[in-house]
Amino acid sequence: MESQPIIVSASPHVHSDRTSKRLMYDVVIALIPAFLVSVYVFGIPALITTTTAVVSCLLFEYLIQKYLMKTETTLGDGSALITGILLAFNLPAGLPVWMVIAGSLVAIGIAKWSFGGLGFNVFNPALVGRVFLLISFPVQMTLWPMAAEGVGPNVDAVAGATTLGILKEGLQFGETMSTLAPRIPSGMDMLLGFTSGSLGEMSALALLAGGGYLLARRVISWHIPVVVLATMALMTGIFWAVDPEHYANPLIHLLSGGAILGAFYMATDLVTSPVTRKGMVVFAIGIGVLTVVIRLFGSYPEGISFAILIMNAFVPLINRYFKPRRFGSRIKAKIV
Amino acid sequence: MEYWVILISAVFVNNIVLSQFLGICPFLGVSGKVSTSVGMSGAVLFVMTIATTVTYLLHQYLLLPLGLDYLRTITFILVIAALVQMVEIVLKKVSPPLYQALGVFLPLITTNCAVLGVAILALGLVDASLLKAVFFAFSSSLGFALALILFASIREYLELANLPEGMKGVPINLLVAGILSLAFLGFAGLV
Amino acid sequence: MDSILNSVILLTLLGVVAGLVLYVVSKKFHVHENPLIAQVEELLPGANCAGCGSPGCRSFAEKLVGSEDISDLFCPVGGNEVMKWVSEALGKEVAEKDPTVAVVRCQGSCEVRPKTSEYQGPRSCAISALIYSGETDCQYGCLGDGDCVAACSFDAMYMDEATGLPVVITDKCTSCGMCVTACPRDIIEMRPKNKRDLKVYVGCLNEEKGGLAKKACSVACIGCSKCIDACPKDAITIENNLAYIDPEYCTLCRKCVPVCPTHSIIETNFPPRKVKVAPAPDTAGSVTVKPQSDA
Amino acid sequence: MKQTPGPKENFLKGIIKENPVFVMLLGMCPTLGVTSSAYNGLGMGVATLFVLLMSNVVVSLIKTQIPAKVRIPAFIVVIASFVTIVEMVLEAFIPFLYEQLGIFIPLIVVNCLILGRAEAFASKNNLPASVIDALGMGIGFTLALTVLGATREVLGNGSLFGFRFVPEDANTFILFILPPGAFIALSYLAIAFNRLTRKVA
Amino acid sequence: MLKTFPKGGIHPPENKLTSGQPIRRMGIPKTVYVPIAQHIGIPAEIIVERKDKVTIGQVIARSGGYVSSNIHAPVAGTVTKLDMIVDTSGYKKQCIVIRTDEKDPANAEVPEWPLKSEITLSPEEILQRISDYGIVGLGGATFPAHVKLHIKKDQHLDCLIVNGVECEPYLTADHRLMLEKTDEILVGIRILMHALGVGRAIIGIENNKRDAIERFRERCPKGSGIQIAALQVKYPQGGEKQLVRALLGREVPKNGLPLDVGVVVHNVGTIFAIYQAVQHNRPLMERVVTVTGKHLQAPSNFWARIGTPIADLLEAVGGVPEATRKIVSGGPMMGKALKSTDVPVTKGTSGILVIGEEEASRGEPRNCIRCGECVSVCPMGLEPHLLMNLTEKGMYSHASNEDILTCIECGSCSYVCPSHRPLLDYIRFGKSVVKGLTPKTA
Amino acid sequence: MGHSSTDQQVYIHQGVVSEISGTTIKVTLDADVHCESCRAKALCGVAESGGKEVEITAAGGPYRLHEPVEVILRKDLGQQAVFWAYLLPFLLMLATLLTTSLFLEEWAAGAASLFILIPYYFLVSRFGNYFKKTFRISLLKPD
Amino acid sequence: MTVKKKASSLFNMVFALFAITLIAGISLGYVNELTLEPKARARLERKVNALKNVLPAFTNSPVDEAVRLSWEGAPDSLEFYPAMQDSTLVGVAVTGGSEKGYNGTVRLLVGFNPDGSIRNIAVLEQKETPGLGTKMKGEAFLKQFREKDPATFDLRVRKDGGQVDALAGATISTRAFAEAVQQAYEVYRSQMEGRPNQTRKP
């Protein structure tokens, strides 16, 4: 006691052992299964793309903090790491390296640090980076690579277009679900990841496993992912019920594209989602509706990135109108 | 063009602020508070509608028949300027308390380039009619309102952020508008 | 030709109508903006520091124009010069104030005032003051978290890392008084700023009895009243075991400085004495400072 | 206390200290709307410069004849006339540019820059000063639009004034010639401009 | 399902190390330091002088106003000094120093008073006694009890709630008191019911004190109108607004008091003090203090005289261990960290907690990641992250609009924040600015 | 700046006393606080009528010319005013246009929709008392 | 700084505005007269330029001789421009469109040789993604249609069994393009059927 002066601080004097760093690394852990699947399916290109994104995100984070913001660097907090991984997960494996780097710069430089860094950004950095690339390089961003030789039972299905791409293109040119059916991967393939698409959205099963881990660790609450997926299922279900020839069934919609990746990992980004449970539900319904609208009626085969970004913009409004109920604000005194 | 197409287009796909670049000044300048932007949206709704009605009629039934469509710009701007002033006078005349309440609540109803722009764009609609022109003005002001209110709420929120020194003020507003506009590209092809 | 005629008719018609409308408008919406307000605002420094008590220069200008008697209104940043302009512009009497400058009345650097506890929490004097008396045993002295530095909008203060105390850069200080309000301990005082910026003041606020005060901080004023005896002008008073030098009576003769047993009286900017008595610690009050980014 | 600035300062302030785009943020709509290429930016800038110059001249000439209360409508008529003239001339002689600038030509009328200069400067100053002011502001505006257009064109299309300096099939950041690119590019250009001018000052 | 309040709350490790330790009596201290500001409100006025001889229980400082309280000599002895001494507020305050007269028989340890269950005083006399005998709330806020019990004509009261929740980790003073003075407390409750004229009382106890619940259930006479309610374990259930909500489903309005919903809440310790005052003429001179901490040799519960230096108590449990980094008066959630052990026990001291390195240091604060944890645990339905931000940015009127003043300072938000944000530090500061107590700069 | 009240339900605007006649005083409102920071404020808006004025039957304390004051309005009243002044006439116009265009020529329908505003504003002026009672604005001296 | 202004009397105001608008009206009317012709010329030129681009040299005025016809499946009317050289039909330009572009309408002007083969194609209107669909304006893409006779050249994308090489990553745009060409070809055929001898009286 003599050696070190006694500490004085305000209450409380104890603290729970959850830290934001641990939350972040839990997300990283949750993403590992999906990463392994994509490396299995796409091989080295997946590895290169992911590494590039992660390294460049961390590097930009470091450089910006050190030389532009002139603050302490907080690389260890894991947020840039997640941004890097999730950015890569939203890109086709083997995208030219310089494009990946450009995307990282946009994600970290424009979407995150221009707003002041971790916690202040309004829009999901990884998605801003992804959409920037999608708009800038539509060809490369929709060039889905073939799976590595001999992977999986159904090599054919892995080539070329994504499930949603096939649907969009086919239905637009007068085909019907029944004529398209042979070209759509089976539910099993989509679960396991033997389809085509962005690097990280391949295997629904791996993503769900990670999502389950996040839920179990209470990193995320169930509200956003469940409501997003339920809304999508409901909406696509209605269309499908009315006209099954021109609308794919809900299962295809849920298992294809970035629905699960988006719902569990990107829509749940703590920083860019509402703080209250009520708000989260509204936010998630918005994402579900917009995703389905864009998928069914817009130009883009997949809409969840845009849907999340658009709803990100609504978060301040949602936080404003869906506040927790203040204790004692609705007096329900019932004195006998 | 069908009405719902006009609506979806003006609000989402070709939002007048985020993709047509009309009314940027009030968008960047006066949208710091959500409640004000809601009020302002109401005012813009009325002003745009009435301005478009008058200018459409003027164009269709005076300028075109007389072969004077090259006077479009000058007549429109005069008419709009006078009209907005008229509305104010009338309001003040008929109900001073109402007028004053508005004065406290709404800093200004700018006649900005959005009003003129919408009036001109309304003339160019496919198989235009008065009804369509008015509906277009209405939809455009809804698009304006959407952008304005979203933007105001984001700005209120950013007041609490630790923005980098250089980003404060206009740059961050432009950046938010940019990302918002990027997100709205997702609506492409809805109409 | 027809087209020209038509255009002329249409335009003139519109022009006249618009002219009429706008005429009515101008009648109805006559604005009584007093041009003086803008004029006075031009004269003010535009620092919007709120040192005058109004939230900004514009509202101060409104106040100046609106008030009949402005003799108790003063812009500390612009000082007498600006107030003279204002007086000329408005034709009203203004008060003349001697220029003042902020001084830090605490010398409790880490060396002389041992830390007895460690504070953990937001580094803000106002917040830590809510919790307890501070890391040292002196509950009157500087807390060292720099609220005053943060409050100064003229970069006229910085925290000296060696002493842990704030330092005023006298040349930059506009005497706006924001630091005085910010300090939860009332450490900072506005004192007259004369030509060469000579000052003599007690650099301590400890009201405890001598022994206790000295135990907490070796340069604390112990209220021994030796300075009172030394002062030829009766400028010094002691209350609650604490000496105070009233600048109104003090003639800066410096006689009190050497007699203080704890060196709590600070003199600044005087030429060196012939007889060197134990030099006052050159912590607070020094004007020769190395520019330094604030803490 | 304040000395009146000489013609040189008058001219330069429009380009640097009071640059209408980067500092004063006037006329944002055309600034953002037409700058998908350097050529368009330049075209819009010159058109605006012309209207600004002419209306400043006219306003400074007739300033004593206009009763204060019809000042604004009178200025509007003057400005709108020149805009209409520009519109007609462009349509007749540079139809390509006319099409590119589209609705933003009539919107020059409401560009706050023009009315602002007429109101704040030309209506109070003599002809030469007004001309210099208009030139400064107009050139500042034109430069800014050209720079913005050039930035967007280079990034978005790999070309400058239509001259493409990257291979035909090279990838460029298409985003920059789309609407979001306008906002984003202007945002960072404004920061760069402010940094630069602060450093110079 | 056990009752509890619906929104927010946390469950920190309970660490009730001393719940099996009977309350010990430690010897009368040689010197007592009695601060005159031991309660909320106006400090008492000293009415003794240096060298005065005082008898035990004598009033030595008189209530300084309506919201104030008498202070009695906790020992017989001589006033040696009127001094300034650091109290739990962290600042030096006026106090009366009394040297114990070791020979005075009155200073002998109090014998166990036999239970006296018959109530002889009238309601007015009871309230007067409570006021005279310096009874203040012992649940933490030290609000003078006579003020709280003064019910105006137009106020309707239908239930007395006895707060036996003790939701703070580590503390066991109330728990032990309930076990050892069960009957006295029940009589105390009846006294208060009689004084207030209410027919209903509820003792709220968290379910981690099963033995106390059982004991009360056994001893509580049927038909007395006294109910015993077991509550789910959740911090801060002891907060009166939460407790009222949990027990009765009534919500105390935003800026209101329990009385607005017909309830008065008192801590079990206060009830026992009232019992002592009314039945045995004993003013408030001692209280139960839990001295605890993981590093202590023998954490214990004590009956401690007001004014006992904390150092004495720590001595009695084997001294301050090497590893000590923080000493807290009160529990870990709401207690105040002390700068030294020279601080005396006051009426509000419910425990002394000694914390070692592993818990004492706060984590480095990082940016808020808007995880909403603080929002979801706030029992008052506030948005702590927002309140802190607003305070940090100096937007006090906005913070006031966001109901910053309704924060009960329970600390749940700071406890859970994964980014270690000093939320409550700022909110407390913001509150003081909004109330106009602190200048508007941070 | 804008807010200084603790009650979120009111809207506060700064202004300057510009005219006093008996118990009614006129306050010229400052431009919106957000415009204040805008460097282009003086140049903005083609048809802006300059400063706005409100007339208040003053209570509480003498006011001096050019004295800065705060004008206070309940927030919901602001939205209500927007409704009466802009939204309702807009709806009226739209409704008239829709119905009349069923059986009238386009130009006539347009004219009708414009003219409908005349009776509307006439009605509004008839209900002057109601508005007077509803839209009460109060004054506060900032300290 | 203070400039003497006319007083704001009603007459002064109205008169000033009257004068200004008078001058404005005259000058605008005058400039309009001046530019009337160049404007018309410019408008015509835009069309003619497109026509020149897809047709061989002609001596008639195809614009004046254009035939507008409505076509099933086309929202707007389609246009048919005959090009004559000294009363010999040397080519025909036909507009064709498709709604199935990536972002909506694609409108083309297709020039046919008298033998029915495609001479050249100009893009009149398209909203495709810059850098993707917009490449349909590029020489590299257009080249493949030249001198092809749709009667023998299958105007479908290879993917769908035709002979058109799709733009990389823009199959949809290519399909729309091909559809528009097909439409133009059908219009051409239907119109030419009415003109059995491929010449016309002057």
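Here the chain labels run A, B, C, D, E, F and G in written order, and each chain numbers its own residues starting at 1.
The definition used in the following text is that a residue touches a chain if its C-beta (ideal position, glycine included) is under 8 Å from a C-beta of that chain, and two chains touch if they have at least 3 such contacts.
Model, not experiment: these values are computed from the prediction.
Traced through touching neighbours, the fewest hops from chain A to chain F number 2. Counting steps between touching chains, the shortest path from chain D to chain G takes 1. Between B-G and A-B, more contacting C-beta pairs join the chains of A-B. Among the remaining chains, the Cα-based centre furthest from that of chain G is the centre of E. Put simply, the chain farthest from chain A by mean CA position is C.
Taking each chain's centre as the mean of its C-alpha atoms, chain A lies 48 Å from chain E.
Spacing of chain E relative to chain G, judged by their CA centroids, is 87 angstrom.
Averaged Cα coordinates give chain A a centre that lies 42 Å from the centre of chain D.
Look at where the CA atoms of chain D average out and do the same for chain F: the two points lie 34 Å apart. The set of chain D residues touching two or more other chains comprises 25-26, 69-70, 72-73, 76-77, 80-81, 84, 88, 110, 112, 171-172, 174-175, 178, 180, 184.
Looking at chain B, residues 25, 29, 70-71, 74, 77-78, 81-82, 85, 88, 111-112, 167, 171-172, 175, 179, 182, 185, 188-189 sit in touch with two or more other chains.
Taken residue by residue, chain C touches two or more other chains at 3, 6-7, 10-11, 14-15, 18-19, 22-23, 25-26, 29, 116-117, 120-121, 130-132, whereas all remaining positions touch fewer.
Considering their complex, residues 2, 11, 13, 29, 31-35, 37-38, 40, 44-49, 52-55, 71-73, 75, 77-87, 89-90, 93-94, 97-98, 101, 106-107, 109-111, 113-114, 117, 121-122, 124-125, 127-128, 131-132, 134-137 of chain F touch chain B.
Residue ranges of chain A in contact with chain E, taken from their complex: 1, 4, 6-16, 18-20, 22-23, 74, 77, 79, 117-120, 270-271, 273-277, 323-336. Contact residues on chain G toward chain A in their complex (touch as defined above): 100, 102-103, 129, 131-132, 168-172, 175. On chain G, the positions that touch chain D within their shared complex are 1, 3-9, 12-13, 16-17, 19-21, 24, 27-28, 31-32, 35, 38-39, 41-43, 45-46, 129-131, 138, 140.
Residues 25-26, 28-30, 32-33, 72-73, 76-77, 80-81, 83-84, 87-88, 103, 106-107, 109-112, 175, 178-184, 186-188, 190-191, 194-195 of chain D touch chain B in their complex.
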